[in-house]
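Note that the chains are named A, B, C, D and E in the order they appear, and that numbering of residues resets to 1 at the start of each chain.
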Amino acid sequence: MTASTLTAPATLPDIDPDLAPQNTSATRLASAPEAVTLEKVNKWYGAFHVLRDVDLTVRRGERIVICGPSGSGKSTLIRCINRLEEHQAGRIVVDGIELTNDLKRIDEIRREVGMVFQHFNLFPHLTVLENCTLAPIWVKKMPKAEAEAVAMRYLTRVKIPNQAAKYPGQLSGGQQQRVAIARSLCMSPKIMLFDEPTSALDPEMVKEVLDTMVGLADEGMTMLCVTHEMGFARQVADRVIFMDEGQIVESNTPEAFFRAPQHERTKLFLSQILH
Amino acid sequence: QATLTSIKQKGYIACGSNPGLAGFGVPDAQGRWAGLDVDFCRALSAAIFNDAGKVRFIPLSAKDRFTALQSGEVDILSRNTTWSMSRDTTLGLDFPAINFYDGQGFMVKKKLGVTSAKQLEGASVCTQQGTTTELNLADYFRANKLKYEVVAFASADETFKAYDSGRCDAFTTDASGLYAERLRASAPDDNIVLPEIISKEPLGPAVRQGDAQWSDVVRWTHYAMLNAEEAGITQGNADQMLKTSDNPDVKRILGTEGKYGADLGLTGDWAYRIIKLVGNYGEVFEKNVGQGSPLKIQRGLNALWSKGGLQYGPPIR
Amino acid sequence: MSNPIPAEARAAPRVSPLYDPRIRAAAYQILLLLAVGLAAWAAVGNAAENLRNARVASGFGFLGNTAGFDVNQTLIPFAAANSTYGTAFLVGLTNTLMVAVIGIVLATLLGFTVGVARLSPNWIVARLAGVYVETLRNIPLLLQLLFWYVAVLASLPAARDSYAFGSSVFLNQRGLYVPRPMLAADAWAIPAAFGLGLAAALAFAARARREQARSGRRLPVWSVGIGLVAGLPLAAWGVLALSGAAPLSFEVPVKGTFNLRGGMQLYPEFVALVLGLTVYTAAFIAEVVRSGIQAVSRGQSEAARALGLKPGPTLRLVVIPQAMRVIVPPLTSQYLNLTKNSSLAVAIGYPDLVQVFMGTVLNQTGQAVEVVAITMAVYLTISLLTAFVMNVYNRRVALVER
Amino acid sequence: MTAGPQTLPLSFVRRDAVPPAPAPALVSGPLAWLRANLFSSPGNAALTLIALAIVVLVAPPLLRFLVVDAVWSGQNRDACRPEVVGHPVGACWAFVADKINYFVYGSYPIEERWRPNVFFALMALGVGWLLWLDAPRRDLGAAYFFVAFPVASFVLLSGVPALGLAKVPTSLWGGMLVTLVVSLVGIVASLPLGILLALGRRSRLPIVRLFCVIFIEFWRGVPLITVLFMANVMLPLFLPGDVSVDRLVRPLVGIALFSAAYMAEVVRGGLQAIPRGQAEGAMSLGLSPWHRMRLVILPQALRIVIPGIVNSFISLFKDTSLVSIVGIFDFIRTIESARVDPAWAAPTVVMTGYAFAALFYFVFCFGMSRYALFVERRLASGQKR
Amino acid sequence: MTASTLTAPATLPDIDPDLAPQNTSATRLASAPEAVTLEKVNKWYGAFHVLRDVDLTVRRGERIVICGPSGSGKSTLIRCINRLEEHQAGRIVVDGIELTNDLKRIDEIRREVGMVFQHFNLFPHLTVLENCTLAPIWVKKMPKAEAEAVAMRYLTRVKIPNQAAKYPGQLSGGQQQRVAIARSLCMSPKIMLFDEPTSALDPEMVKEVLDTMVGLADEGMTMLCVTHEMGFARQVADRVIFMDEGQIVESNTPEAFFRAPQHERTKLFLSQILH
């Protein structure tokens, strides 16, 4: 809906909807173990019912794109999965561990789940390298040298190894977001969550971040991604989920989703997003 | 816990002293204390430890002296404190002895031409707050139907500085203090002390109420010094007296007869130690405030009873 | 649209108590309560025992006892003979408040002047104000008070050789003496006329506002108002004087043996305290004012001037209302600081609350706990009241944002 | 086109560029500066004259007093008495020179004065390390300043007979030594305490929050001098009868608590300035609450509030002068007590003492406030470092 | 040069350069009296020569767009016209009154000349209505009721009568700028100056402000407008003036200006702006 959304199709190669991406085959996933399970999850902010009976199963290796109008609860849903928000009813099971009030489990889960925020949330007082090694050293108790080696590997992976000694404030938005991704990867998470990772970026920088994410997807990372980059959804998603008013309204493979949306809301939404 | 026991345990006496009153308690730049009140604490130390130096002096202003004693911070307050009934009864204090009979007086600038306190109608008077002085002042002017203006300060220092710089016409405190402070005036000879003494100011050490033993030690330390003076025992001749004197009074004082020291909780030669290490009352007086000092205060009321004064040491026997 | 939260939703699934954040939170708080409670209990117990051992009287009964000492500057009647410690407390409190109020008024005037001067386009004026602020801010108040008291006192003449300004105003080491106005019995007309003038001026201002709203014409509010407020009492005085009565007389200070007698006296302790507090606090207020004015962007006054508003109305209608929002909260805390700092009076012998109550009364009664508690409670009350009023003000003037 | 000869035709293209001309004299240059800054309008000119008058009235006498007529050497008051020296006398610096050791060390035993000297050096090292923003290993510096240095100073100054350092009771300490000790203890104790209080005030736990709010508001609501009185008079009362607290330590406790409350508000400002996303970022990496605070939030928050901390240190430093009122021989008190020495009774001695004290405090406080300003500017410009 | 510049052509209907706007005819203006005259105006900031021999005549009813690179002195020029800046040499005559140091005249001129700033400069402590009535009441001594009626008329004109009771902080940027325009209009100025009125706005809001300005132009208001909205220039300007280094480098009708810029600098500038 913003400029970046509008320009996004231009920055990614348009994909012919008929030419299905190489790895959407549902068969590959049907047998995979469950990575995230949500059962009748409900959440309130005060008296406001944000999530209503959300059911969702994400299998290992699955890549899910979540979209929907502003305020529909996408961020909330994602944040519930690594317990940045608490849900009040229903079950959330992540990697076999149910999310309860148990602090120990929450810590375990957060170690397994990486998250990339819209506003990067890098630590401005640490260098890029220190940003990446902080959690491995203090949470995983990794030796510093090893943590740095790992960090450099992932920084290389997101193509900014030469920025390792800089501070986040010295990088462009796109570079910062790639650091944020590398930082998450350094904890070797099993699942990655993305909350509108490109919407705070200038249009020119969107592409480099999306490329990084495509690369991740190709390696088989389990991903839940809130985004309005429909080009990205078409290219990598196994499933696109549409949320409205705290409910999952529609869920389908990308080609089906974009070609023939079922629900009225979805149609309306897509008509605004695409043109 | 008994104070004497705890002193022996600690190994020193915590002595609340005046932060700076010449002749009574004043430290020099190296922190060495001198004065009548200070020497009294030394006398105690001599009696207890056979060493006049086991005293820690804790300078206390008029404002915090009583709380310091009440809270146990000091073992004894030896700081020209007036013995008054209300202090004795409501503050939880005991005044075992009077080591200086004093009275409140006034000091004025010579050039004012004032010769009597009665002429102070309309004057400004500097005084230290929280003292009996402040109360006596109010009484005196009220009784004589004189108007005046009081200017009160927190410390003796400030009070005198204000007087000296001309803020007040008159400065009032105990007469002894007047002489001591006059030394610090920018021109000491320009100030005179008026003849009137407007109050009784029996000054002496104070201790916490309810420790009779410690009270006794303090009381008899003073009396021992008085008795020594009366008997003619001095720092210089104490050793000799110890060996040669047949006078039973002297022998009792010096501990060669009787076991008075033990009854106090001290050693037999307790009084000998005091005299040997500190001196008798007369010596201490003259050295600190009398003719041997810049203050040159007459013995007056503080002369022995036998010489027309009030200092009267009950017999040691 | 939004369902209420079901009760069972709150029932959390089984959690090991060791890792349940709710249990942990409760545990931490109970621990803290215990620790603080224990400390308080021990302190109170110790105090009680210490006081019992020391056989010190306790309770607030002492406030009713006769004080027996004099205080030289009182706003309420006080005499050694029959006033109580309670009255002494009131004397201290009123003296503190008087210094605070006068200090606040003067510091505000001086502070605003210096603050505006710091922003003056005039280079030397701005520099001078800067030097003032930097110097005064960086020297302890205590030192400044001692300086004003001792150094200035020392440079004034003794009472006998007072500087005389005319035949009725004198300055010497005992302070400044001015004639005391004495109203005759029938002079009630003068204050009455003053009140009348004030009311009339206010009424005129209100009418002027209505008139401007109605016709756009503006009436000379200031000149008429000042005329009314000052003119009516003068007229009343004139009428009375013409009719032969002497409505107003002055008690002129005359030289006595020691001091001047009669008249009104400003004590040097008071003058030094007010001067020190004013000069010191004004430096801080100047900074507050400067940052407040600077917070109003240049664009605001440019816009006003572009609309044709003259510099006066630009300042009054656009700049000052905006600057005040920024200025008032820190200004208030400066006022509070001044009030609290007035307790330094104790160093120069002005009988404020701390000096009279925490000084003399505490020493005469020995009841440290009660006296200290009362004194602190007074200051705390002043602070909290001010903070409360400030919060209300802040909420009222907060700029409305989206 | 009816445009006048010099005015622009509707269609116009400049062929010859106008070169920049030097400004007329009234626009730039010293004359213009004078006009713009001093005499831009009659009112302004009047202000200039008034200001000049003030300068002329104040500066020369001040200079004369402090420098021209000052007496720089002498043994006693005769050096500074105009009737003796025969000309007007300004500041009596000879007095300061004579008493300087007293002003610095108080009554600290002469043969032990190397200890305060070492203490001053240690302090300078720690302060320099902490304040120099680009110094190496500033974390070590902090550890040194907040742990090693206080312990070392205590051992050094008060003495441990076992180590061959004679005990020096605090009643002998005095002068600048005490002023510095008091303010250092204030800052060293108040910073950690202030951080704790600030965290407590932002805690989700209502009771913790309540305690912290009450604590902070209490200390901020009362004058320091009543706090000092309280510490002096009442602290011993609240302790068991046989525990006694050193007379210097009591005001230290009062000052530490008092400044901790102010420090807490400064730190809270810094904590509030850290966006929520930082905590969330740390959370999502699995960092524990403690690590979150220590590694992510506090380093950022404290960095932001360095100017605030320095400013509250300035207030603290100035406020330490109040301990003289409760009978501690700090710098001001030594000046006060030296100035009544009859040996130095001369008309300008009092002023000289105050001028010296003012200079001392001014140099420290002004230096620190400049430093705070420098850090602030650097923080403002240095979002990119 | 910014995003708003880039998107502007899209927000205004593209105008065929051959199809001249209805009112550019020089004939209409040639006979009109002079509204603003600048003769050899020079200005220095310190030693820096900002305006160099600027000559310009604006006739009543004329609409002039001023463009040029940043720092070329456009704002300074405009601000000299209502004496927010003082010029040091040359003459400026506004509505027959020459600008001198005479304060009375300056006030008169400011009453005749309205100005709209880049950053709106609304008074945040006054409601929208109060913003608009402040000057009429205090400068024109208008009765309050009348001033409010006038203000409401202009607020209606800029299509935000229903925001009258709100505070500026509660409005969007575009609404705020329209209030600023209404506020100027309330003084019934003869001449309006605009200094980059849209460059601080989000792209969506540019259009509403430009529409308002187009409306004003259609009513025959004399306007001097610094802007880079070339769509606006084409649609309404009688003349486009290009400034560089404090000089007027080129001046022409919009169609000529855009179609065939003469000066090297102008060509370069236009090639950067348009694409």
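Basically, a residue touches a chain if its C-beta (ideal position, glycine included) is under 8 Å from a C-beta of that chain, and two chains touch if they have at least 3 such contacts.
Computed from a predicted model, the values in this text were never measured in an experiment.
Peer 1: Going only between touching chains, how few steps reach chain E from chain B?
Peer 2: 2
Peer 1: By mean C-alpha position, what chain is farthest away from chain B?
Peer 2: E
Peer 1: Which rotation angle, from 0 to 180°, best lines up the CA atoms of chain A with chain E, given as a multiple of 5?
Peer 2: So the copies are related by a turn of 165 degrees.
Peer 1: Taking the mean of all protein CA atoms as the centre, name the chain whose own CA mean is closest to it.
Peer 2: If one averages C-alpha positions chain by chain, the most central is D.
Peer 1: Contact counts by the stated rule: is the higher one at D-E or B-C?
Peer 2: Between the chain pairs D-E and B-C, B-C carries more contacts.
Peer 1: With centres defined as the mean C-alpha position, give me the chain C-chain E separation in Å.
Peer 2: From the centre of chain C to the centre of chain E is 50 Å.
Peer 1: Round to the nearest whole Å and give the separation of the Cα centres of chain A and chain C.
Peer 2: 59
Peer 1: Distance between chain A and chain B based on Cα centroids, please, to the nearest Å.
Peer 2: 85
Peer 1: So, what's the distance in Å between the C-alpha centres of chain D and chain B?
Peer 2: Averaging C-alpha atoms per chain gives centres 43 Å apart.
Peer 1: Where in chain B do residues touch at least two different other chains?
Peer 2: 67, 70-72, 154, 161
Peer 1: Any chance you could list the residues of chain C touching two or more other chains?
Peer 2: Those would be 50-51, 53, 150, 154, 346-347, 362, 368.
Peer 1: Residues touching two or more other chains, restricted to chain A: which are they?
Peer 2: Residues: none.
Peer 1: Quick one: which bits of chain B touch chain D in the complex? Just the residue numbers, please.
Peer 2: So the residues of chain B in touch with chain D come to 1, 6, 14, 19-20, 27, 29-31, 56-61, 64, 67-68, 70-73, 154-155, 157, 160-161, 164, 183-188.
Peer 1: What residues of chain C sit close enough to touch chain B in their complex?
Peer 2: 50-51, 53-57, 68-72, 80-81, 150, 153-154, 158-159, 173-174, 256-259, 261, 268-269, 346-349, 351, 355, 359-360, 362-366, 368
Peer 1: Taking the touch rule as given, give the residues of chain D at its contact with chain E in the complex, in rising order.
Peer 2: 1-4, 6-14, 17-18, 20-24, 26-28
Peer 1: Can you name the residues of chain D that touch chain C in the complex?
Peer 2: 36-38, 40, 44, 47-48, 51-52, 54-55, 204-208, 211, 217-218, 220-226, 229-230, 233-234, 236-241, 314, 318-319, 321-322, 324-325, 332, 336, 347, 350-351, 354, 357-358, 361-362, 365-366, 369
Peer 1: Touching chain D in the complex: which residues of chain E?
Peer 2: 26, 30-31, 37-40, 42, 44, 46-49, 52-53, 55-57, 88-89, 239, 245-253, 256, 262-263
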